[in-house]
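The structure is given below, and queries will be raised subsequently.
Should a chain be cited, it is by its letter among A, B, C and D, assigned in written order, with residues numbered from 1 in that chain.
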Amino acid sequence: MIANFDGKDIHYEVYGEGPALVVLNGIMMSTASWKPFISAFSKNNKLVLIDFLDQGQSHKMDGGYPFTIQADVIKCVLDTLKISEAHISGVSYGAAVAMHFALKYPAYVNRLALFNCIPYTSSWLADIGEGWKTARVTPETYYQMTIPVIYSMEFYNSRTDWLNTRKEFLISNVFNNPVFLDAMERLTDSMYAHNLRDELCSISAKTLVVGGSSDYLTPLPEQKFIADRIPDSSLVIIDNCGHASMYEKPDSFTALLLGFINSESIVT
Amino acid sequence: MIANFDGKDIHYEVYGEGPALVVLNGIMMSTASWKPFISAFSKNNKLVLIDFLDQGQSHKMDGGYPFTIQADVIKCVLDTLKISEAHISGVSYGAAVAMHFALKYPAYVNRLALFNCIPYTSSWLADIGEGWKTARVTPETYYQMTIPVIYSMEFYNSRTDWLNTRKEFLISNVFNNPVFLDAMERLTDSMYAHNLRDELCSISAKTLVVGGSSDYLTPLPEQKFIADRIPDSSLVIIDNCGHASMYEKPDSFTALLLGFINSESIVT
Amino acid sequence: MIANFDGKDIHYEVYGEGPALVVLNGIMMSTASWKPFISAFSKNNKLVLIDFLDQGQSHKMDGGYPFTIQADVIKCVLDTLKISEAHISGVSYGAAVAMHFALKYPAYVNRLALFNCIPYTSSWLADIGEGWKTARVTPETYYQMTIPVIYSMEFYNSRTDWLNTRKEFLISNVFNNPVFLDAMERLTDSMYAHNLRDELCSISAKTLVVGGSSDYLTPLPEQKFIADRIPDSSLVIIDNCGHASMYEKPDSFTALLLGFINSESIVT
Amino acid sequence: MIANFDGKDIHYEVYGEGPALVVLNGIMMSTASWKPFISAFSKNNKLVLIDFLDQGQSHKMDGGYPFTIQADVIKCVLDTLKISEAHISGVSYGAAVAMHFALKYPAYVNRLALFNCIPYTSSWLADIGEGWKTARVTPETYYQMTIPVIYSMEFYNSRTDWLNTRKEFLISNVFNNPVFLDAMERLTDSMYAHNLRDELCSISAKTLVVGGSSDYLTPLPEQKFIADRIPDSSLVIIDNCGHASMYEKPDSFTALLLGFINSESIVT
């Protein structure tokens, strides 16, 4: 379905009924990436998936934009759906947007679930991003620059077939597409200004922070930083898991997300 | 309610409707310990709580017994309830019994959730247990010997009031009760023979292993050992959490347990 | 040898020649505890060992005293020896005193090596200390209350003979001695006021902070706290090591201490 | 100086007097990389630095070769110097060669110090290596593909000037040099066959294994694997340290290396 965001098309999808659950994409993902999860995520919830600007089937920009515009995209979709409150979750880029959304539109947020999230874009991560730009020379180079760092060694060594299939697909269909690569550059650029280190203390939603023990791109000290500052938050770590937690440990990802948003709070 | 286990009374409680969920006590706990969790745990499941032999309102033994007798206690309760399959979960002592149950009665086990669990009773832990026996001289000594090691420093320093209330209760009502202390000795003794290191590989149930980053009594390397060996298992770590995970992080405990047992498996 | 500290005898020992190295005891230790290390520590350094007030052969107090008095004890011994600058190192209680010394007498300190050190005495640790007081009922109870928590599970399970020999010695010769137990109470009480959380940033000495991955009494987050705040400091972690690092991993302890104090700084 | 290895020139350097200490290069390094360390390393030891085949000033190969040939290079240099026993240490590639040397020529090895070492080349690491080959398109791409992953986020964010200077140097002088890049490919290829998982138990030398808490290329589980299997070994972890431990934490690196090789063993 399509929402109108200041004249720009935003692609979104809705599945199931129940308390609303928004699941936000990582930087390279799209709504299509969540296909294996739709049945589980929509069993007891109204699941909302959104392609951010420059992602999937949403509008492609032609210049820079502030990172927080993506938070406004979420609000636009929720308003279109007349959803006044939702659980907000996201992975990496999507988790960063989720935090901005929780600060700008707190009344819309029930619970907040942040997977593989960073409080700000460090100069180190920005240089990783710069590297991605230099890798556009061939699809193979782009694959080698971006993909191995996303996965943990444990996953990579045990799921060779899955990765090889994915490698062929990405090289033949995605990393050879200049429209995708241009959008990736803008998405990457948009995140350089992300910095909520001093504002995390103002997030009022009950929050679950999830990290991977082997996440190289957004390592555990980043999630500890976040959990130390968001007042009503807890940190849980998925062992032997890299940056793409939903692919590496789909069952643990799902258990944490659904268990967190659908369980009542306990008072001991 | 009461089940008849070879002529011995077993106290159990049942709440709610849905797929059966058995939650097994830690060594010092009883069904009463789960009171704050009953509403959440029984929302979508038939919750079964059980006092093991020598716990709570169940039969008090008068001599030693094999650890695995407690697995037979579970079977007795499930048979009494005509439950042929259940999710089995437990904390510490209860998690150890759960593993024995999963090996002896695999057909009864849907999913298995092991919190703060050990593969065997090491000589170090056995000596901790011996220390508990020497501490019966006064209720205060018993408290000091057994309780501070159970909690993480983080919890202890932040929940002083909760702990002080609990301290008064335990010293005035529990640790001065020779019937309780005798039962604790037998329960402790029963666990010395626990050793599944070579049999974990035979557990066929889909299993979630949960550890606490600050669990002193059953430290993380123990849970890594278990997760490395149970074939269809994953390890998740609750940060800043000690041995009594259900009291220190009740919401994370609940999210993990309910999310794990009530979510369908994802195939990516 | 004996130094005169305000009329009180301070026992100290000196070995070898070279840049001065002071090694300070943990709370239950004395200069005698370092016997296996004397040859290594004095090979290239003038090694100074000191019994604090209420330790070993030094003066036994008869009431409370401020924790920082032990820093003055160090200064008294160094002045007696006409040593104007020394490397200062210590374990646990001794490391805490070393930090106070570095703040009060910075001109005396060359490098600072802190093993299993805490920035302050938390309410949790204070309650552990209170437990030690309740355990004086029998030497066995005192042993069980104080000793297993000091060692890592890994060490305990692998060095049974060493520990049993030590257990017999402590129960027969130390934990049955009211003079020792009274002194331990005063030493424990003295540490409750230890709190340098806001002053660590003023320690100017080049500092090595060493923690054990399995240290229960003074867990790793405490050493991270210290290393985050002392400006010229680094943190190194001995794997599979509990609180008594010098006994559990004597070679790693020695390599770190001697390597740190006797190597020149590298400028890259 | 030059040793003759089957007709091929091997460049090596010797500094100082004392027990021999061999320090072996990581894959991109050469003897020149150790310049800031020479004074410290040669203070009490005869320091031997060696350029492996395809490194620095040593012979450039023109085809593939077995990884273990580099162990024979070490033997050649030691024989040339008439050194019959030495402490052997290395970083990454050099540490892997050091293990092969310790297995093939155990009589030559006094103590063994392994920094950022792996037991075998996993398919994940091999794919990282393949990525390096695809990055030769421009010096900038090569830099972005190889360098950021080597350093920890903590180091990268705090040492921007140092890294920028290094970046300019590498791009202008090294990564634009086809002779260097060809040699790097052969060195990378040579390591794919590295696999000592089943032979580590036969290493008899007293061994120190050192890892970095933020080492992405050779993460901590790899060093735990090694330390679990070499009988007389200990594992120490440098906190907040990535793969290039000698550059990120030069003082801790130096303290560990010199403290380990120059301290006598302690018997407690």
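A few points about this structure:
We take it that a contact is a pair of C-beta atoms (placed from the backbone, for glycine too) under 8 Å apart; a residue touches a chain by one contact, two chains touch by 3 or more.
Since we're looking at a predicted model, the values are computed, not measured.
Of the two chain pairs examined here, C-D and B-C, it is C-D that is joined by more C-beta pairs in contact.
A straight line joining the Cα centres of subunit A and subunit C is 47 Å long.
Each chain gets a centre from the mean of its Cα atoms; for subunit B and subunit C, those two points are 37 Å apart.
Under the stated contact rule, the graph of chain-to-chain touches is a ring, a single cycle where every chain has exactly two partners. By the touch criterion stated above, subunit D contacts subunit A in their complex at residues 122-125, 127-128, 130-131, 134-135, 137-138, 140-141, 144-145, 148-149, 151, 153-154, 156-157, 160, 214, 216, 219, 221. Residue ranges of subunit D in contact with subunit C, taken from their complex: 36-37, 39-40, 43, 162, 206, 208, 213, 224, 227, 234-240, 247, 249-260, 262-268.
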